[in-house]
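In structure tokens below, several structures.
Shared between the two complexes below is chain A, which has chain B as its partner in the first and chain C in the second.
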Partner chain A sequence: MAIPPGVSAQNWTTALQQFEQAVGKSWVFTGDDDIALYRDAYSPFWGEPEERLVAAAVAPDTTEQVSQVVRTANRFRIPVFPISTGKNLGYGGSAPNLSGSVVVDLKRMNRVIEVDDKRHFAIVEPGVAYFDLYRHIQTRGLKVWIDCPDPGWGSPVGNALDHGVGYTFGAYRDHFHSHCGLEVVLPNGDIVRTGMGALPGAKTWGEYRYGFGPTVDGLFAQGNLGIVTKMGFHLLPAPEAYQTSVVTVPRRRDIVPLIDLVNELEHQSLIGMPEYSSPLGGLGPPPAELAALLKKPGGATDEDFDQYAQQRNRGSWSCRLQFYGSPRVIAAHLEHAKDRFNAVVSGSAFQDGELMRFPLTQEQLDRVHKVAVGIPNMAIFSIGARTELNPSPSDGHLWFSPIIPKTGEAVLEAQRVFMEAFTKLGVPSMVSPFSMPATWMHRAFIFIMAFPISRTNVAQNRRTRETFRALVKVAAEHGWGEYRTAPAFQDDVMAAYSYNNQALLRLHETIKDAVDPNGIVAAGRSGVWPRHLRRARA
Partner chain B sequence: MPSRREFLQVGFAASVFPFATPVDVPSLMVERKDIATGNLRSLYRVVADVRFADGAAFGLEAERHGLHVVRINGDITDFWVNDLSLRWREEAASIAGMTAHGPLFCLERFAWDHGLRVVARAEVPGVDEPLVSWVIAPRSEHR
Partner chain C sequence: MKSLLGIAGVAMTAFALGASTVLAQRADSDLKKGNEAYQYWCATCHGAGPGHPGTTALAAKYKGALPGLLEERIDLTPTAVRFAVRRGTSIMPFFRKTEVSDADLDAITQYLMRQRNTNR
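Then we have the complex of A and B:
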């Protein structure tokens, strides 16, 4: 059995006994088989000495038990790492930043405290999965939607605390933005409620997030100042109907007005999440003529691409717009969108989808993008199978997630910069002149890439890590920073947020030292290390 | 080397027995007679990934033995939401299957949260898609 770093065998034994007293013997895990479950399934260090492994896991059932566990950990200076449902694949899974940490596994805390479909909020514990909350709502016939990511087995609390995102309306897609009120166990075991929750008997904990005084909630997202044990969320009132329409624009430079117009529609809350693509892109190797164009000395021009598209009667860019509301509202918003495009982008064309009224028929459910209508699912795991276009499926992936501005110019710049970077690094490019960003964020794009991870090829993983770190620097040189990353790269990403001699990191460290002087909670999370480990790393 | 047909049958046999120890599936590949004598009732469901011919054949074989087969197209959502999650709330029931890695990856992680483990796992040889024959059973059954 591993022992947490800096902890004596005697103290470790005593701490385990106290953990067992707090949560029950059957909920303290120290066996190799059990703690292996907390490995990051997509670890870029899989099987290497640097892989982040845990010493034990403790699964409390109540906030009070969490408090007891934390008090014990603080007494013996045992590093703990909280997880909710522990998925977070591609961003670290359930593995800690510091090997030898004790995972505080909150899956047993799976109570839906409250859902209100008149005031549109929920309050849940961290072990509640999207599936659980959805089931709770559906079985009671409540008229609210959740906003969930792909896949749906994660925790609304855990996802929001990692700044996770979803697929419906902007105000709800940013899951931490839609949170309202926290309950947190601090490193000394004290239990704090934020927002209106700080007022005993408050009637609006899930509705008004600020309460009174300075707002501290953000310190607990991607943070390491405590363990969140309850969280409120604003929910979307269930709309009557849903419709998509795909707008396609003909020329390469039309990406600029395309994104400007979609921004206008989205920021006016007339559409949900837009989804961009290029009719010229796609999986697999490009057709010969396009391949030749891509290899043209000096690079293909916009006119080259336009000619290629025109000859094939394809547009250059498309965007799937999503409309929610009553059929009349949807019709009006769609008509307005068409008016705006027809006035600004000549040659733009719309292809309308079916107007779907809720509840959907089974046939509609089978073809709708379920997360776009708030239905959690696991379908994403069915697309990684070996196919002709994907002959060597990987064992996992790492997300590289730089935030770029929501403009056509920025997308074209990101394409160019990252393609050049891949060439310079001598690795196959994951970006093409048709790559489009992810649009989960309401007010920014994520120019996301998935780096494959191997369970068997250490050399490949090493090259991937080197490439990843190089791209973090390339992105930073262009003013782009990652919004989220796996523990392996959190120091690198935090280092890129370097304004004024790392003033932000220094502030985080100051707060960390004050709130968690023994540095027991999630040491190293987001690159924020406790003082004793900071010195060792300096 | 067994034929693919034999493997499907024997892989199925490997999938339907409760195991006292972690299973060496290759060693079971010669125990075809066990197909007829296995304790089939111990399985709650058999999952067949019918995107692939071998997965579909596996499902038919299981059905021939009177087992309740769930056919999936790679997506375990309906099975999980409307069936297995409800059952596992009540009891850590064993399941088996032949699927691609993705569906097994999901089911394995759900299983962990309910005190079950993958106690047998073997890739189906000789097919393009790396299908896996597997058994998920309560933790105590493989200790």
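Then we have the complex of A and C:
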């Protein structure tokens, strides 16, 4: 049996007994087979000495049990690492930053505390999955939507605490932004509620997030100052209808007014999440003529790309606009969008989708992009899983997620910079002149890339790690930083946020040392290490 | 004492209904539990229809030699089901015991093997 670093065998035995007293013997896992289930299934260190492994897992059922577990951990200086549903795949899964940690598995805390469809909020525990919250709402016929990320098995609490994102309106799809009030167990076992929840008997815990005084909620997202055990969220009132329309612009340089106009529509809350693509891109190898164009000495010009598009009667860029509301509101917003494009970008073409009224028919459900209408599902895994187009799937993936500005110029620059970086690194490029960013963030783009992970090819994983670290530096040199990353790279990413001699990290460390002097909670999360481990790592 | 009463209760019920009826009811109850656990934990990826990547992946793997839908398979063994759930395969991760308990896993296995067991 593994023992947490720096803990004596005697203290470990006593701590395990106290964990068992707190949560029940059957909810303390120490057997090799059981704790292996807490490995990161997509670990870039799979099977290597650096892989993050746990010493044990403890699964409390209540906030009070979490408090007892944390008090014991603090007494014996045992590192703990909380997980909600443990599905943070591609960003670390259920594994800690520090090997030998005890995972505090909150999956059993799966209660939906409250959903209000008149004031539009929910309060949930960390073990609640998006599927659970959706089912709770549907079975009661409540008139609210949730905003969910691609995989529906994740936790609204866990996802928001890792700055996760979804698919509807900006105010909802930035999941931490839409949160309202936390309940947190601090490293000394004390239980604190933020926002209005700090007021006993508060009537607006799920509605007014600031309460009174300084706001501390952000310290617990991607942080390591406590274990969140309840969380409120604002919810979207269920719209009456939904419609998409794809706008396509003809020329390569039209990417600039395309994004400017979509920003205008989105920031006025006239559309939900826009989704960009290029009719010239696509999965699989490019056609021969395009491949030749991409290899042209000195690079293809905008005119070359325009000619290529024109010959095929295709546009250069597209954006799928999403409209929500009553049919009359949707029609007015769509008409306004068309007016704006027709006035600014000559040759803009719109292809309207079907106006769908809720509830959808089964046939509509089968073809609608479910997350865009607040329905959790797992269809996203079709991209990585085995298909006829992908007969040899990887064993997982690693997300590289730099934030770039929401402009056409920035997209073209990111394409160029990352393509050059891949060439320099001598690895196949994940980026093409048609790559478009993800738009989950409300006010910025994520120029996201997925690197495959193998459970058998150590050399490939090693190359991937080297490439990943190099790209973090390349991004930072251009003013781009990652919004989220797996534990393997959190020190690298935090190092890039280096303004004024790492002033932000130094502030985090000061707070960490004050709130968690024994450094027991999620040591190393986001690159913030407790004092005793900073010394060892220096 | 409680367990003795329980045994006596089961024995009396069995006497009243007939042992085979009780066993059949228990089997139905186990299958129902297995079906529910399967629908909750597995069907989001391994269900029927579009948007189920597990079903798509298995269809691509077996190219018609076996059904893509796990619920239509008659060749599954407890070892294979347990391996997939506790070790994962390809991009399917393994599931912790706070998610799929050992009891759930047994019930899911029985549910997936119901046709194989019936065909014996």
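A few comments on the model shown:
Following the convention adopted for this analysis, the second predicted complex is superposed on the first by the 531 of 538 C-alpha atoms of A that agree within 3 Å, B and C clash if a C-alpha of one lies under 4 Å from a C-alpha of the other, contacts with A are read in each partner's own complex, and residues count from 1 in each chain.
Here is the rule we go by: contacts are C-beta pairs under 8 Å (C-beta built on N, C-alpha and C of every residue); 3 or more make two chains touch, one makes a residue touch a chain.
Given the structure is predicted, the values throughout are model-derived calculations rather than measurements.
Under the clash rule set out above, the superposition-derived model of chain A with chain B and chain C contains a clash between the two partners. Contacts of A:Tyr210 after superposition: neither chain B nor chain C is touched.
Once the two structures are overlaid, the count of chain A residues touched is higher for C than for its counterpart among chain B and chain C.
By the touch criterion defined above, A:Ser382 lies against chain B and chain C together after alignment on the C-alpha atoms of chain A.
Applying the stated contact rule after C-alpha superposition, one finds that A:Phe29 touches chain C and leaves chain B untouched. In the superposition on chain A, contact is made by A:Tyr42 with chain C only, not with chain B. In the superposed pair of complexes, A:Lys107 makes contact with chain B and with chain C alike.
Look at A:Ala59: by the touch rule set out above, it reaches chain C but stays clear of chain B. In the superposition on chain A, contact of A:His397 is made with chain C only, not with chain B.
Comparing which residues of chain A touch chain B with which touch chain C, the overlap comprises 33, 37, 41, 85, 87, 107, 131, 152-153, 377-379, 381-382, 384-386, 393. Of all residues in chain B, only 51, 73-77, 80-81, 85, 100-103, 105-106, 109-110, 112-113, 117, 128-130 touch chain A in the complex they form.
Contacts from chain A toward chain B in the complex involve residues 33, 37, 41, 85, 87, 107, 131, 135, 151-153, 377-379, 381-386, 393. If you check the complex, the residues on chain C that touch chain A are 44-45, 49-54, 56-58, 60-61, 86, 88, 90-99. Note for the complex: chain A touches chain C at residues 27, 29, 33-34, 36-39, 41-42, 57, 59, 85-87, 89, 93-94, 105, 107-108, 127, 131, 152-153, 366-367, 370, 377-382, 384-388, 391, 393-397.
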